[in-house]
Amino acid sequence: MPDIKRIFIANRGEIAVRIIRTARALGLETVLGVSAADTESLGAKLATRAVVLGPAPSKDSYLRVGTVIEAARGTGCDAVHPGYGFLSENRDLAQACADEGLIFIGPSPDNLSAVGDKLTARSHAVAARVPVVPGGTVETLDDATVLADKVGFPLLIKAVAGGGGKGMKRVDDATSLPAQLDMAMAEAEAAFGDSRVYLERFVTVGRHVEVQILSDGDTILHAGERDCSVQRRYQKVVEEAPAPHLPPELRRGLLDAAVRYARHIGYRSLGTVEFLVDVERSEFYFLEMNARVQVEHPVTEAITGLDLIALQIAIAEGKPLTLTQDDIRPSGHAVECRLNAEDMAQDFRPSPGRVTQAWFPALPGLRVDTHMLPGAMIPPYYDSMVAKLITWGATRDEAIARMLTALDVCVLDGITTNVPLHRAILSDAAFRKGGVDTTYLGKLLAGTGENA
Amino acid sequence: MPDIKRIFIANRGEIAVRIIRTARALGLETVLGVSAADTESLGAKLATRAVVLGPAPSKDSYLRVGTVIEAARGTGCDAVHPGYGFLSENRDLAQACADEGLIFIGPSPDNLSAVGDKLTARSHAVAARVPVVPGGTVETLDDATVLADKVGFPLLIKAVAGGGGKGMKRVDDATSLPAQLDMAMAEAEAAFGDSRVYLERFVTVGRHVEVQILSDGDTILHAGERDCSVQRRYQKVVEEAPAPHLPPELRRGLLDAAVRYARHIGYRSLGTVEFLVDVERSEFYFLEMNARVQVEHPVTEAITGLDLIALQIAIAEGKPLTLTQDDIRPSGHAVECRLNAEDMAQDFRPSPGRVTQAWFPALPGLRVDTHMLPGAMIPPYYDSMVAKLITWGATRDEAIARMLTALDVCVLDGITTNVPLHRAILSDAAFRKGGVDTTYLGKLLAGTGENA
Amino acid sequence: MAELTRADIDEILKLVDGSEFDELKLEMGDLKLELRRRGANPSAPVAAPAPAPAAAKTSEPVAAPIAPESGGTEVPAPLLGTFWHAPRPGAAPFVKPGDTVQADTVIGIIEVMKLMNSVEAGIAGTVTEIAAPNGELVEHGQCLIRVRPA
Amino acid sequence: MAELTRADIDEILKLVDGSEFDELKLEMGDLKLELRRRGANPSAPVAAPAPAPAAAKTSEPVAAPIAPESGGTEVPAPLLGTFWHAPRPGAAPFVKPGDTVQADTVIGIIEVMKLMNSVEAGIAGTVTEIAAPNGELVEHGQCLIRVRPA
């Protein structure tokens, strides 16, 4: 494929600015497609050109495949970068790019199909000998007893025909299995006319650990793992790399599994394989693969020195990776805090508005990815993330200390942000110890954290 | 001395912002004294409070010792940070602070006297066995022949009673000495009624190398050297650390001499000893000592990881240094480019005005110290420096490559800057080879550089 | 940089005073001038949803707030795409300057991925200018043609 | 950079006064002028929802230009220092509200490092307010007292 000269960016906010940063460094032009609400955004000002895709609501602008393609062609772009969210994993966009002779800076439509659906993605994991959460369908108590023996307790019983947690039962030991199974099958029969149920291991203490993949289709490398266990309602809040206190053999297993998965589906681009780490059993299970750049990619960049966006572009141009696995030598530790315009005191309600002051000075080991400047408007239509602070340290303690300093020194006035939440997390003994699980933040917020 | 709680900053521009950055990190309050032209500056907005010292001209505001003291006391400050330039090496300010019970974040009045005057400073160098430019007074040809033998050729003859280069003669070899001496003495007699002349070694190829000193009065440490040979009309343009291709024994001699000098005068604070390195003879001579933080201090911070402003404050509080010389382990290489609002095409005329866009994104190894934001006004009354870009790299080549990328990626619109000059220097083969002398930039600009 | 003198400002004031405008904002280099007529509402917030542009259905005469210099009201592109003056290559254009249009008169087509979207004038009057070139990209909100209201 | 004089501002004031405008904002370089007719609503911050229309009180005369709420022209501090109301502790103040001053009437002292600088009113009229407290720091340009011009 020919070298890219002008990239159409089908995104907004900090990731649009992040892509423009690397494009400028590579000497590439950029065209940013914006909604009518984003015409004055930093990205719109920094891009070589900005075009208005449509009105403020995403469905009328950022989510319109045809409009994006039309805009990219009409502005003479030769490639489309979808960022994250919006159309980034949309098979139709990738396909339309292929049909129109535009380079999609992401994986192939087939790759997107392979990972886009949970069940398909899981079946690929099984085929690639990547562990998934143990479980299976049972029709009788005998089946259930045999399977429960393999799966272990606690376990979950779900109706095969059900969904959304309906009729789900947690079983803590073998004694209560028969009664719970009876009840679950009766409920399933009553609710769905299908008494079959599914038994699955219940992970009491789980960590979210994901592996960064880089693949040119032939060479498949990993760039280490990230720990994203600090979540609020499945939204990542703090991420870090590497994952603290991960047993070496578990880490090795994770990294190998991620590469094996990517190889199995013939993946070609930047991507991330997400795992649930079962802390009590020291095992891990495949969750899903994200076929795009992640919000938290900077922590990987901080410990590896790579420019993942530049590599993503090079792969899209058809260039073979010139790196080998040995060239990627993570050093030190990095932490990322997502600053959101939201009001913790009002149940994290988004707080859009106009920024009066934004100052993110040079601090040792600090990187800030943001589209905030004094006077910036945060429209109410989109994600409330306004900045990512990333600190690097020779040790995890140093990275955390630097983040606490950054939170004190940086200024973002005019809007309410979740900075107090980040201070609380980074000062909390359990977090500082390292290796918290996905229930951690909920407990901290409920005041039942280790240190509450 | 008690801990400082509120610092009065008697400066402006990027250094005011730099001091506020460290003060915020240390949890200290700041009061910024501004002129009427700087009330909307970034520093004025970031400081805990800003007070207007006087009208725009420096002599009516930033240079008024009494006003600064009055303002510091009236706002309840317990310390004064003078930055660089303005009153930073003013003995009266240091003395007035002492008289008024304010901590001057700098050396003692006696230290300032010791280095404030060129001749006094030089005599201290001689007393401390720190090399100065070889030379001496002669009254006869015999004297001159003996001395010339020691000083070597080329040499300069100056009238002892003269000044400002009047009657200065360059002598390239022993043959021409008698005639030139006769002429010089006759001219001196005619001009000043005093025929005595001074013979001094003429350094054909000289580099400006300076040593960062840290002293609590007992412990005197150096934080390595900086090379500031890229100068235009005695103004530093590009600085770096360490000095490239400096012979190890010469570097050791420089560092030792700087510490010796500081110890000799009982120096206590942050300071810099400047040397002229005679490349052809592999010798060095004392130039002067700057008793303040330097514009180019970030290159030292970049290779040592120190926060020099924080150390300067701690020393001023009377805290002993907790570092030893072995704790300061420079690693890698750092380069600084001074971005000035000036028009190269118009003989570097300052180009004040309003900044329309300012964007300095996170790039690997880049630090930016600036007071620029979109909408910032650059008043015509002061220095034209608007930003300092500092890049660090594991090697000098990497630091330079990163700077070239930074110059491409960063945006500073609305004013004319010297960015093209920096691109030219950093791309020039002679600079990239490393170790250029102080005539380098003049030749590059005149189009007679190695690569012109 | 452009410089306004006091006399200029006087002139502007008089001019605006005699006009039908409620509000004036002027920025020239580092000069910024804002005027608002007594009793007039401040202008709409910057980030508010775009007001329904062309569909001025009622009988209120539309002021010519935008681009008064061209002598017409802008008809903005309702969506991004390729703007076509005529129903097919070679055919006569839907409208040309001097034509009279009604609110429902089709003035052009915007193509998005082979889908042809006809665009109506949204206002009755006389076409003064075809602003967007044939066969080229128009952004959402970009001026397609200008119409002097009837 | 263009500079507006006090006289220019007076002129602009008169002009606006005779006009129908409620509000004027002018920025030139580092000069910034904002005028708002008495009773007029301040203009909304850019991103705020539009406020109810200003209840303009029509023909009321325009108040003094700067700080109209206090009813007087500001006498600014010519330099930074400690402001003293009286020549020495315990003595009667130089001026108090209600006093009549001439342009050369001393209204206070600003002390800078033991140096006493007397400050003159610079305008003739009646003192309406002593704005800066006794014995405290005043910045350059800070309002010391207010005078209703004669």
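Letters A, B, C and D name the chains as they come in the text, with residue numbers starting at 1 for each one.
As a working rule, a contact is a pair of C-beta atoms (placed from the backbone, for glycine too) under 8 Å apart; a residue touches a chain by one contact, two chains touch by 3 or more.
Chain by chain, the UniProt names read as follows: A, B = biotin carboxylase; C, D = Biotin carboxyl carrier protein of acetyl-CoA carboxylase.
Everything quoted here is computed from the prediction, not taken from an experiment.
*Asks:* Let me check something: if the centre of a chain is the mean of its CA atoms, which chain is farthest from subunit B?
*Replies:* Of all the other chains, the one whose centre lies farthest from subunit B is C.
*Asks:* Please give the pair of chains with the highest number of C-beta contact pairs.
*Replies:* Comparing chain pairs, contacts are most numerous for C-D.
*Asks:* Starting from the mean Cα coordinates of subunit A and subunit C, work out the distance between those two points in Å.
*Replies:* For subunit A versus subunit C, the centre distance works out to 43 Å.
*Asks:* Rounded to the nearest whole Å, what is the centre-to-centre distance of subunit A and subunit B, using the mean of the C-alpha atoms as each centre?
*Replies:* That pair's centroid distance is 47 Å.
*Asks:* In subunit B, what residues contact two or more other chains?
*Replies:* In subunit B, 377 touch at least two other chains.
*Asks:* Hey, what residues on subunit C touch two or more of the other chains?
*Replies:* As it turns out, subunit C has residues touching two or more other chains at 30, 46-47.
*Asks:* How about subunit D: which of its residues touch subunit B in the complex?
*Replies:* The touching residues are 29-30, 79-82, 111-113, 115, 136-137, 139-142.
*Asks:* If you look only at subunit A, which of its residues touch subunit B in the complex?
*Replies:* Within the complex, subunit A contacts subunit B at residues 17, 21, 24-25, 27, 42, 45-46, 301, 305, 307, 357, 359, 361-364, 367-369, 373-375, 390, 405, 408-409, 411.
*Asks:* Would you mind writing out the residues of subunit A in touch with subunit C in their complex?
*Replies:* 36-37, 40, 51-56, 61, 65-67, 69-71, 73-75, 96, 377, 379
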